[in-house]
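Worksheet for the structure shown next.
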């Protein structure tokens, strides 16, 4: 029954609308969203384990307007990541958002966004991806401006303008592509290969359009500045959306575009990836540099995200098996790591009202478990073996070397140093400054917040020690491409 | 029997308008008008089904094959457009049931219904007729009834708008009449099919004349269809008229003239002939400038209805652009956009009417926070706006997509940038209304939830219109293949 | 040059059209604009009707006996222009009514002054 793959998309969306219509009170709402996200996760696991090669046309209007779902390995992995992290974020946001009024609207869009993101994961062709991509912008916008302040509205406007600009570029690219290939379905190796090779510059132009267009959501320099501005949103939004859903959707779309539509051989023929490589390297370095200068903790993490996304994009522009695996691994690992980091920072903001670096002296002693998780996640991000961050960077470096790009490992090393430079001050300030430990009373966050944080930290460690299952899955997808 | 439907439609509408003229009670007036429009709507459905089966219908009034007789030609495009127009008019009338009292003084209400009937009759006449002079007569009738509709509301701005519209329209009609005279003098026929035969065989020797005729028709019909730069009457006229009238004007009236242009360009002069003249490039240019300029002007408007009116200018740009491409696919998209825009713009105008009525203000900045007060209404507005912006599945997106594909077909790829730029611009003026309506703390401060709720019964026609927006999008492929 | 003198009806019509158009555009007095509109319309009628003229043929009115159709001018344009005249008259009537209304509101029939005044209303 192939209809089942539509359910993980519709279930969260319907839950969201349910919240909007019946407006339950605090307790009922929590029950609804917790059960919905868990159910969704189980459904997705079921689909991954038991359903292979399913596909479904939601609505087929004509030969291009074909909303078509076809989860393949990469799509399934992304969907699992999204749904698992959504459960944890649900618990976290219940505590973080507390019992304010008008939270039903917030959670409505929260749930709708989950459905839309899974729609992106399960998309079977480019037009479906584009549809869900646009819907993602629309459903995340109310979350960004949730606070309602003037600054929030400004940030929201910027987000909308950047996103629509990117989506327009993507649409242009899709139209040009469709005019040549008459087909937009995701096929390993790309669909262009089946069409007689026309003007390579034409495909170069399409590639650049699509890369820049999707790159807006993936915070590619110079389209990255919406991301720090969007930090004005509540922390659950910043962490989930801007570490997981929105930016990773951009990356995911980039991956689809590169390997499943255009095909890396075509791109390599046009040398498009060399031009984009420059932008990617700038992204990696600039993100890290700017992160060091940020005093606001969330903004620091935001620039860190920009830089880390550059790593993933690096995996996507170097066309080697290893770098592809590295990129995909980092897509997953960065999500888990960054969400941990954001959750910790959010806990600090919520419980102690502190947002700047200089304010958090000694906080490690007041919230030891929280800051310990932060430390673990930071170590993972810097890339110290045997943590998961190291595994992904290792693959990326190997891929670079296989291609003969010797400065890729150098850049990775340099940026690891920079990562340490912006993360370690937080840790040292938290643990080694302020009043001595025995003078301070411990007041950890509520379990709803604390448990996800610790769970995530542990997850990162486990993924570092036992990444093989994941690697095998990604490798099986990669083998169809190379 | 079905063959006579076009004639029946027009006659019924005019007949009922006369009856309304002598009806005293308001209730009966509305009943008459409603009845006549429902009949035309149902007959249009019949007409469409017959045309779908039999390709096209030709109806001659009077002797068959007379050279100068009145002839109606209903092909698939005419039938679909006729159905759309009757449907939209029906919904507008349903809406006006409750809103006409508020904008038009008591004595004039029956005039409103009379004028609407005559307007619809004349619009249908232009669509159906295959005969140049017949079309001219109906064009004139529609101009006058449209002017009448604007002037129903007795304010200063209305009078000024009507004067402007009347003068510009008359210039347009004059040019059209000149063109008809010219064509008659060259070909000796007034019937479009007959003229086509003559032109095809002999246009080579009359290149200059054909060029002049094409130019006259384009400018003349262009003035009446608010093609850039001849659009300056539109914002005043459409924003000051009573709301149902604005909806009818923007959604229906300006469309028939451009449809007439399509008939003339492509049925009277064939595609090959028209493409060999520079006039197509000029049309293309005007269309593009209209698209961009209309949207830019809309961004700067402070009043809601003026903004939507400028948006109409931009949308007419799309249609003209489609014509200017000079291919069958371009024309098919232009026709599709006529239908899509008709349902979308009418619903937007009707919704704006509701919002203006409840906030007692025409300005956009007074609409802040209206999302909390009238959530369903603003939600419907959002849907219409999404179609304008180009969210997939809705007709706006489909028009843009196919227009872009048609551009590539003609080999003029950079034009796609103009299409995409104009949809981005649409975001800039539609979205602030939605955002300020639904979100923003100081916007929502002090607004009581659903305090300005509209009784559902008034919203139902809008519901139908919005539903049809979605349906038009969903069935787009079938529709486009028809044209 | 002979074209212009030979087809003097058409030439005259075009000159009239120009006069009418210029009057319509350049004068700001509403009545003059309406007059200009009328001149324009009349010019078009003249053009059209003159197209039906065949040299040395009669007007198509049956007096005593019906002659051969060949001996009449083409009646079609004249008939069609009747409709045109009706339309022009209607439009003029409407425009005049509007002018009266405008005068009542603004106390002037100078269009430019009215346009300026609009801003305050």
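For reference, chains read A, B and C in written order, and residue numbers begin at 1 within each chain.
One rule holds for everything that comes next: a residue touches a chain if its C-beta (ideal position, glycine included) is under 8 Å from a C-beta of that chain, and two chains touch if they have at least 3 such contacts.
In this text the structure is predicted, and so the values were computed from the model without any measurement.
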item	value
Far-end chain from subunit A, centres as C-alpha averages	C
Centre-most chain [mean C-alpha coordinates]	B
CA centroid of subunit A to CA centroid of subunit B, Å	45
Distance from the mean Cα position of subunit C to that of subunit B, given in whole angstrom	28
Separation of subunit A from subunit C, taking each centre as the mean of its C-alpha atoms, in whole Å	70
Subunit B-touching residues of subunit C, taken from the complex the two chains share	17, 21, 24, 30, 33, 37, 40-41, 44, 47-48, 51, 76-77, 80, 83-84, 87, 90-91, 94-95, 98-99, 101-102, 105-106, 111, 114-115, 118, 121
Complex contact set, residues of subunit B against subunit A	390-393, 398, 401, 404-405, 408-409, 413, 416-417, 420, 423-424, 427, 431, 435, 438-442, 444, 474-477
Interface residues, subunit B side, partner subunit C - complex	68, 133, 136-137, 140, 143-144, 147, 151, 155-157, 159-160, 162-163, 166-167, 170-171, 173-174, 177-178, 180-181, 184-185, 190
Subunit B-touching residues of subunit A, taken from the complex the two chains share	59, 61-62, 64-65, 67, 127, 130-131, 134, 138, 142, 145, 147-150, 153, 156-157, 160, 164-165, 168, 171-172, 175-176, 178-179
